[in-house]
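Below are two complexes that have chain A in common, paired first with chain B and then with chain C.
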Partner chain A sequence: MCHHYRLSILLLLFSLLLVNPLLYAGPKEDLVRYQGYFQKRFSNLSLDDLSNGLYNFDEGRREQWEAIMEFPPYEIAIEEGEELFNKPFGNGKRYADCFDNGGVAIAHTYPRFNAKTGKVQNISAVINECRVANGEKPLRYLKGEIVKLLTYMADTSRGKKIDIQVPDDPRALAAYEDGKRVYFTRRGVRDFACYHCHWEAAGQKIRGNVLSTAVGQVTHFPSYRSKWGAVGPIQRRYKGCMKNVGAVPLKAQSDAMNNLEYFHTHMSNGISMNAPGTRF
Partner chain B sequence: MNKIIFCILFFFLLLVSTPGLSTPALSSSEANAVLKQAMSLHKQAIANEGGWRITGKFMKKAKKLLDKGDRRKALDVAIRAREFAELSIMQADMEKKSWSEPPYLK
Partner chain C sequence: MPVMKYNHASQLLFVFVLYISFIAVPVLADTSVAEGKKLALEYCVACHQFTGTNQAGSLGPPLLVMKSRFPDRKTIYNIIYDPAVAIKPHTMMPPFGRNKLINKAEINKIIDFLYSL
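Let's look at the complex of A and B:
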């Protein structure tokens, strides 16, 4: 009798595991939970509104931002980026030859999982891969020429909805899960994880800064930041955040950093790109 | 007689209150050894994605003090740096094992 009882419990548990997808939270379920959290908490804001970050919560700064956006400081970077993008390499090929759709209106689909390498790649990595394949030296990440290229490419995706795919490949899922780990890991002497500021404290102040919501953050990157006096990519911003909590920042383009970008960008799936953007 | 006792006491107090004389001299190798330990642990923490910036700051400070010849202070600061490095490793190890989403997301 007891034996049958145990067996039936085991069978029940096993069948629940098979039929109930909610028992395993994958990227799709995560997206519903993450976006749902902010939709519930800030019910007066649409998902697209979340891409306006701190300007949803500070009227004065929003006014200043709207004034800045009349003559956006990133416009020169777009122009220079377009020029660089169309300039042929020494062998006559161009960046457009390395990207699908000639590199136009694709930024909202990056970072992507590369099945050949089994790793996540953002646009910066593909730009440098393209340069090396065409006999050019790779560019340094985070500043300079590469950011201008990113700025132009992001501008061609303006208005498109973020669309990060986690393909049916265990390596892709592992990369996504690793990004989640990096995101929710406490670091630095202040013992903060990303979520401490951008989930529970979103919309509140930390010193003089108003904190934006985690969902919608990536949509305006690369962004011109007054603090930088230049346009910069999201990984530069991650490094700044890590420094703020007293951590030695992870290396740009490391697996951990790329996986973090993959996970964090996926969180904003379905939200319109408004990059390049400007922030204080 | 009293004057003699007073003088002996005075010199004894002077001796005790002068750090260089009352405590055995520190060699730079002691501070250097602690600093090396701190550096090695800090490297380990960074490799584990868990380095703290304050560790680096304290290591730099200890090195500066050593260069200046202030061995005692250098040793104190190097010890703090080593403590920070140890704590950062502990944090990284703990987080690797037990990081989680906040309860309100579950």
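Let's look at the complex of A and C:
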């Protein structure tokens, strides 16, 4: 009798082990859990509010930020970006020919999984792919001309809800899971994962700086940062974070970096784009 | 003569002991506290508040009355060396000793400073 009882408990535990991973099977379930976590913890803030990052937690800085936003420092980059975007290549083609909807109001759907290559691509990668396909030299990533193009393209998506798709393709799911691994992996001599500061410690202070919530971070990128004195994309920000924790930053456009951007952007699905943004 | 020699030596020893106990040790201790404070302002302030901080973080508990809270020096040493072992495996606190952010002597200077709080 006792033996049977033990056996049934064992069987029950075993079946739970089998079922549990199925309950949290993928990106959709993750999204509910991740956003649910922050909504519960900061119940006075809406999902869209989360996109205002540290300014949700520091009234003084929020006032300064609102004052800055009356004459946003990224405006010039939008104008210059639009000009560059519309300038034809040597062969007469344009960037618009390489994107859905002529490249307008699509930034909130990137990064995307590319079924041809089996890899994740952000807008910067498509911009350079487009240039090379049309006989132009690729631009350098993270600074300069490419950022102006990103800034303009993001501005055309302002107000649209982030919409990252992880298609039913094992390679897409693998990329997403790899991004998750990068996100939750401790790195550097200080041994921090992205998770530690922007999840567990979100809303608290590290030195004089308030930490923003993981959900809602991507929506305002590219962003003008006073520290940079320029607009920059999210991968430049990732590199800065990695340096801060004493790690050798991952290379921009590496698989790990692109997968991280994929995973990190996906967790803000449904939140309105407010890029380009400003942080100081 | 040998007696004189002995006296001379003992006088020297006496002066030396005086020097050690009233000048050298306190000065050394003071230096250690000051150096510990400098290190704490570099390594601890990002997460902990303590007397003398201005832009301190709030991730960890404030460093107050440390000597009565941690009478055993070894306890603090172990926490600073590797909190994943001394506190809990998933702690956010960096393993300063294990990852060689600071060496043994530096940890001890930080403890000297913490004990002055």
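Throughout what follows, the second predicted complex is superposed on the first by the 257 of 280 C-alpha atoms of A that agree within 3 Å, B and C clash if a C-alpha of one lies under 4 Å from a C-alpha of the other, contacts with A are read in each partner's own complex, and residues count from 1 in each chain.
To be clear about the criterion, a contact is a pair of C-beta atoms (placed from the backbone, for glycine too) under 8 Å apart; a residue touches a chain by one contact, two chains touch by 3 or more.
These figures come from a predicted structure and were not determined experimentally.
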Joint occupancy of chain A by chain B and chain C, clash or fit: fit
Touching partner for A:184 - first (chain B), second (chain C), both, neither: first
Partner chain in contact with A:37 - chain B first, chain C second, else both or neither: first
First (chain B), second (chain C), both or neither touched by A:55: neither
Larger contact residue set on chain A - chain B or chain C: B
Chain B versus chain C as contact partner of A:74, first or second or both or neither: neither
Three-chain overlay, vertex chain A: chain B-chain C angle, C-alpha, nearest 10 degrees: 30
Which superposed partner A:200 touches (first chain B, second chain C, both, neither): both
Partner chain(s) touched by A:192 [first = chain B, second = chain C, both, neither]: second
Closest Cα approach, chain C to chain B, once both complexes are overlaid on chain A (Å): 7
Shared chain A surface residues [contacts with chain B and with chain C]: 189, 191, 200, 246
Touching residues on chain A, where the partner in the complex is chain B: 33-34, 37, 180-182, 184-189, 191, 193, 195, 199-200, 243, 246-248, 250, 256
Partner chain C, residues of chain A touching it in the complex: 189-192, 196, 200-201, 204-208, 246
Residues of chain B touching chain A in the complex: 45-46, 49-54, 56, 84, 88, 91-92, 95-96, 99-102, 104-105
Of chain C, residues touching chain A in the complex: 45-47, 55-59, 92, 94-95, 99-101
